[in-house]
Amino acid sequence: MIELTQIKKAFNQGRPNEYWALNGIDLSLERGKVTAFCGPSGSGKTTLLTLVGCLSRPTSGRVRFKGEDISGLPERFLTDIRRQSFGFVFQQFNLIKGLSALENVILPGFPTGRPRAELIAAAHILFEQLKLTHRANARVEWLSGGEQQRVAIARALINNPEVIIADEPTANLDTVLSREFMAILEGFTAAGKTVLLTSHDPLVVESTAVHRVIGMRDGCLVDA
Amino acid sequence: MNVWLEKQRHLIDFTLASLARRKTKNLGLLLVYTLLVAVLASLTLFTNALRSEAAYVLAGSPEVILQRMVAGRHDLIPPGYFDKIGRIRGVQKKEGRLWGYYYDPVLKANYTFMARPAEEVADGSIMVGATLARERGLAPHNTISFRSYSGKLFAFEVASVLSPDSELLSADLILLSENDFRAFFEYPAGHYTDIALSVANPQEVRNVAAKLSEALPDSRPILREEVLRTYQSIFDWREGIMLTVLAGAIFAFSILAWEKAAGLSAEEKREIGILKAIGWETGDVIRMKMWEGLLISLSAFLLGLVAAYIHVFYLGAAVFEPVLKGWAVLYPRFALIPAVDGLQIATLFFFTVFPYTAAVLVPIWRAAITDPDSVMR
Amino acid sequence: MLFQPAIIALLMAAGIAVLMLAAAAPFAVQVMRHWDIHSGSEQQLAFERRTYLFSTMLSFVFGIQLAALLLFVFNADRLSGMFVGAMCAVGTLNVNDFGFPALIAQIVIFFLAAMWLAINHADTRARDYPLVRIKYGLLLVLLPVLMLGFWLELQFFLGLKANVITSCCGSLFSGDAKTIASEASGMAPIPAMVLFYAGMLFVTLAGIWHWKRGGRASGYALAALSAVAFVIAIIGVLSFISLYIYEHPHHHCPFCILKPEYDYQGYWMYLPLFLATAAGLGAGALQPFAGSASLRQIIPPISERLAGLAAGGYILFTLFATYFVLASNLILIEH
């Protein structure tokens, strides 16, 4: 479903502090599987996820998504693809403070122009699945870490994406909550979604829910 | 189209929520903005009210006033001048007028004395302007005496106080009979101050004036429309000067708006990063911010306008009065007739909303192009 | 110059627009020189992001222009009291040689901005932004036009001298002041009507044709006819529509119909007319690029929608004009 060829990514190009985060990655990811990228911090795994998830563009190389070359697309169109096909769960959850859980969840639906009532109905279904209904109208800063993550997951799912991208999803959770997250993950696979995540948590990497583990170091792939 | 509308609704919803979340920051801007609009709007409303007041007052004055000039100075109309005018087609009525100034040492102010026909004011009595009556504490049937320029004392009974409706022009006015006028000023018999002519057809006014200057080369006809035009342009000019002075304020405000829009807090930057990461496009963020600017602008504009309206029409434009009204010592106290004019509102909009929008355009764009992957770093 | 608030506001607005575009010009040149859609470099990303700024700015200029056009006309009308012989906006605009050129320049800028925005709209929908260089080239063309507009406006206002009383002497102007043509003139009503309805018919047909059938030729035809129809429409307003609205056989004025005395009837006509003309011209502006690979699928739907809009606008305009004529008590043509 996603193919990467000779991907390189530089930051601060042409300046003294130029830095190559990725040095020629070739990789193919299958549909409906859970793939984990593991490696030390600075190994380039998050950068790789941002490229796959259409958050940024490679400096060189090609990214193909469902057969289409998306590496040269302007941001406007990358955003379109991202909005429709990718859902993100960030390490820090990145919820907007001061808004309720429900308002946070429907935010990605705003640019699509779906009617508000429809978005709210969809959010309520997700809240039910994630056992959050009782917290829907609470402000996000009043929620516990586990609840915040589930709000973030609901937000990632609101536009019904094919691919879920999770960056260090268990970094801020204790063991119980991490196991809960892995259970939710299995639910995604059952629903036919593709999941990409980064982690160096053994609980994630060794879990049966994860189908494939890819090791990374210094911007290159290594055997895990 | 529906999708577009729905999208704008979402953006407005979000904007309102985010404005509410950052009350203090936005309130400060709103306050300064409102103040600016209020000052500028007071200025326009006030000058406009004066302009309509002047038009209202002049509406009752004669179409043409004829003055006689001697050595380039305004002089008395000698006897026999009337006959020289003769009959001019279009002139309905011509009338010699008597008026002059009198300095009152009590108030240290100049009054205008004007003679009226005996039917209106009887000998020995006067009618006084409302401001003057207030300042000298005069009521009908009081007696007041003035020492004339020749040193003689004249006593008059106040017959009535003039209606305060047109106080701007009648503030310092004293109406008295022709006999009293001539006696008080020792005005030579048969002479007049000037001649007032009424012309029914406004298209004829110019022809009448041309004929007058032909028949009487030493005279100067003054047309009402020209007086009106002169007043208008004087008020325009004063308003323009004030606006130019205030341009500094507009400029300072634009810089403030720029600063406010450019100085995003870390929290706001993070928010925009999140929005972009979860699928908001740069254009969506720009539009959202534009809505924010529009909401702030419109509320400031409306609030400022209302504040200015109250300031001008209920509080008597306390701030601008000395600058804009005139130079007489007797300040008329009069309620301006509330008049709001579309062109002025539009001009005001240009002066406030456009500089604001122009100032925030670049900062908004800068904020909107935040890297969508910034939240992942 | 008359030192008057609306004049200062107009000059300020025009000045802001010129300054903004002038400040943007060097960036536009940079984009034109270094644009490379296939590059993944940070510079290219920065260029792409700059396009958002330019389109936001142009929309702003477009908005200013529309508002300024209205203010300009209103103010001209208000100023007419300042000049001997000027009865309404036409008189003021005729006070010196720059009045009407300034007005026309403003209208032209409005339409040019509309065309640019149409091109921009199409371009941002194509994944490779094929028209970027052309767009920024056009922006550089627009800049001198904007400057010219500003200059004309400035000259017009500088040349306005009110006929007011000076403190000491002669206050009569009718003798020496040159007479202002205070009224516009028009054609004879019957040929004007024939021209008007024929023009509106053709442009509407062209609009509907392009809307339903597409095709580049009809797009060009629509744009050309829109430009002609705009002129014809104004001639129509001058020659007979305004007369019917004023119910006066000699008052040919395209501006007074905007005033409250005439129930703002002008807005009902001018709004659809300007919109339709902008849409028609926009549809035409897109046609040169309809053949390019990535726009082949994108331009036709946009230009067809614009054509539909144009046709609708002209129909609306014609209906309103006809209604105002029929509702009037004036008899211009004996039956």
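Letters are used for the chains, namely A, B and C, taken in the order the chains are written, and counting of residues starts over at 1 for each.
Here is the rule we use: a contact is a pair of C-beta atoms (placed from the backbone, for glycine too) under 8 Å apart; a residue touches a chain by one contact, two chains touch by 3 or more.
Keep in mind it's a predicted model, so treat the numbers as computed, not measured.
Q: Quick one: name the chains whose C-beta contact count is the highest of any pair.
A: Highest contact count among chain pairs: B-C.
Q: Just to be sure I understand: the centre of a chain is the mean of its C-alpha atoms, right? Then which chain's centre is nearest the mean of all of them?
A: C
Q: Could you put a whole-Å number on the gap between the CA centroids of chain B and chain C?
A: About 33 Å separates the centre of chain B from that of chain C.
Q: Centre to centre, by mean C-alpha position, how many angstrom separate chain A and chain C?
A: 49
Q: Can you compute the centre-to-centre distance for chain A and chain B, using the mean CA position of each chain? Integer Å is fine.
A: The separation of the two C-alpha centroids amounts to 63 Å.
Q: Where in chain B do residues touch at least two different other chains?
A: Within chain B, residues 282-283 contact more than one other chain.
Q: Could you say which residues in chain C touch two or more other chains, in rising order?
A: Correct list: 49.
Q: Mind pulling the residue numbers of chain A that touch at least two other chains?
A: Only 75-76 qualify.
Q: Considering only the defined contacts, which chain B positions touch chain A in the complex?
A: 2-4, 6-7, 9-11, 13-14, 17-18, 21, 267, 270-271, 273-284, 371-373, 375-377
Q: Considering the complex alone, what residue numbers of chain C touch chain B?
A: 2-10, 12-13, 16, 20, 49, 52-53, 56-57, 60, 64, 67-68, 70-71, 74-75, 78, 81-82, 84, 162-165, 168-172, 174-175
Q: Write out the stretch or stretches of chain A touching chain B in their complex.
A: Per the touch definition, chain A meets chain B at residues 46, 49-50, 55-56, 75-76, 79-80, 82-83, 88, 90-92, 94-99, 103, 107-116, 155-156, 159, 167.
Q: In their shared complex, at which residues does chain A touch chain C?
A: Listed in rising order, the residues of chain A that touch chain C are 12-14, 57-60, 71-77.
Q: In their shared complex, at which residues does chain B touch chain C?
A: My answer: residues 44, 72, 206, 209-210, 213, 220-223, 226-230, 232-233, 236-237, 239-241, 243-244, 282-283, 286, 290, 342-344, 346-347, 349-351, 354-355, 357-358, 361-362, 364-365, 368-369.
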